[in-house]
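Labels for the chains are A, B, C and D, by order of writing; each one numbers its residues from 1.
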């Protein structure tokens, strides 16, 4: 069941190519070293989900290494493609939950050092306000016409919930789902002493959210070191 | 109105190519992540202004994504080229003001973390003196013969005004203009909790100013952490 | 005795090519600047050992610069290939000891700044617990069936012994051997004020261990600066 | 007087190519931003000296931009090649002094932030001991047979003198010469609030010295922040 045609494409924007090129880029940022981290993309047109395997050096990922799951099926585990000799990511139940219940088009999971450090500086929620870059992230408000979330304003406060880590990644699924229900327009959850999950309606949005959040987490750590609160009192 | 001939060129120094290659370079420096930041160049020969669009991943920018504005026209908004499906940068009024009133040949806007952090450590003006790199930046003095500003000396003090951020970038136009009038030979304004605008008579000069300033801001933050004042008393 | 066929191959996974490409990558990370650091790989199939020479810029290493040692021989110094004009690494006795006595398939030695700084913050053992990335590293436990070490769990504590530096690298051999006997399933030893040795059953494993450890050392230094202990009390 | 044949070569080790490739590399390290820094190489065979011009973006340097000076001439300023429209580096008198009086084969001048910060943390001399990387640098001792300096041992102390900056780079010549006379086997002088000059018998040695020193300066700053003295009492 190799089904290579599902993952081999000349188009650099094909989900299989995007998983690989972004994994390489994230490795360079030290977000995915030592086989850590994972990316999953649901193709909007076909509903097929492309998943990185477990325990593989992310900077060396090839399209042929990817699992493809039928995202249209009601059943959880209908695989259209299973690469020989590779294991599914432990994050797969989390990815499926986000695809099915929260309309995610793509999910990025990293071990970003900024995420790990921030999770040690805040209790239940990371908060930052009055920084221009938060305008790249969705708010809890929706556009009256489209029903889609609008982005944060400069004076808003970005909030990202933090959940405690578990021994196995699949054990994080319930905790993440609970946070998604509590923050229905959120796009990220920090996992204490572990890293972060970021998602969006498309891989482009998820990537923009992820790098904007990492920029803000890095800034927050430096503000902490300089004694500057990350939420500004008006 | 695609007018591709205005932006397609084999010359790597063509303004449209420079906007794209520098955007990629600035993304790598984490100055323009999450679609942030923007570059605008006025072609000295033709007077045409090349503007990056809004909300686009800056590292993926292509010449075909650029707006071209007729910088020779007295009217503000004569577009020679509008790429389909893209929006003008919110910074456009700022770019136009700097092109028209202050003879800028190019403007660089970034969300540099060093700029954001510095804007939190200083009140109205960032100041640094007695660092060799300030010699890459223009002073308030002009050459008696040419009337052009001469660069700072080692013992001079570089001053960059800081203005407060607004909810929308176009709302920064007046504040920036005021600072340009107060510092007629300046080349930069910091925007608190947002980033920086840097300009110069050409894109080469603007790039040299921008990277020299970022080097100095980075140094200033570390000097602050080490308890060393950035302005040396003689 | 050039024996170029031992080191020239089109296969990017050939040990000679891996030593060179990883050396280049490690130079970029500032782990191997100024000719520092070294990589050695034992080819599982042939038993031949590929060793980087001494005093050479690691980012410029070519396959033709490598020594090849017969790892099948009972005698210590049976060289199948000695490149003209180059010297063996001072680490060679350490590499041989790890190949012969501890079944190493590959060894990475770097002057990582994170390793040097950590060796100044801890006495005899570096310890960190409750960080997801430690799951990429082997524990002291073995799989009952295979007898191979299993990886650490999130709640485990990673321990890396620290030995004092000596004037010459070969003088570190006994100290390293002692630590390997004490921690038979360990994969790394820190050398105070010097750097780190990391090994594994293959170069892929050694690389994954090395970059995971460096990630953890970097995190530990920042946790130290933020006043957060690296071992969490339950 | 273009004399392009002096600078155009297919050999990546040709001095003109080395000046350009290293300038690009140093720019990436933030050692030569905003046109700062300079490299000069004396070809051992011909005695010709290759000098980078002033005020040029170092990452864009082309062989055709280089000045070539006849290093065999007793007179100071015999130029074999002067590129049209470019100015000699202000460092030229320093380079000539080091070539003529101290047998330098190559000189590297950078505005390394680590050099600037270190020059603010130490008075007259930067000192560090008991760090493995200092073994990449020459000591004050010479080999009894060859008369050439031998490298530092682990337990030695690396000392780099610091001189005060002047308004113009050529004014540093006397201060640098004085330090070279005082430390005849030294390979570097720090210039306070400015950067560093590093030299060696060849460009390879100078590059190795420069990057080893920068590694040590970076380490020293972090040791300072962690409260660890850079010279270890035995």
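One rule holds in what follows: a contact is a pair of C-beta atoms (placed from the backbone, for glycine too) under 8 Å apart; a residue touches a chain by one contact, two chains touch by 3 or more.
None of the values given here were measured: they were computed from a predicted structure.
**Student:** Are the interface residues of chain C and chain D largely the same numbers on each copy, more than half shared, or largely different?
**Tutor:** Under half of the interface numbering overlaps between copies: different.
**Student:** Work out the mean Cα position per chain and let me know which chain is farthest from chain A.
**Tutor:** Centre of mass proxy via C-alpha means gives D as farthest from chain A.
**Student:** Just curious, how far off is chain C from chain A if you go by their C-alpha centres, in Å?
**Tutor:** 32
**Student:** I'd like the Å distance between the centres of chain A and chain D, where a centre is the mean of that chain's Cα atoms.
**Tutor:** 46
**Student:** Can you list the chain A residues in contact with two or more other chains?
**Tutor:** Only 225 qualify.
**Student:** Check the chains against each other and report every pair that touches.
**Tutor:** Pairwise, the chains that meet the contact rule are A-B, A-C, B-D, C-D.
**Student:** For the complex, give me every residue of chain C touching chain A.
**Tutor:** 130-133, 136, 153-155, 204, 207-209, 211-212, 214-215, 218-219, 222-223, 225-226, 228, 232
**Student:** Can you check the complex and tell me which residues of chain B touch chain A?
**Tutor:** Against chain A, the touching part of chain B is residues 30, 33-36, 57, 111, 113, 116-117, 120-121, 165-167, 191, 193-195, 221, 224-225.
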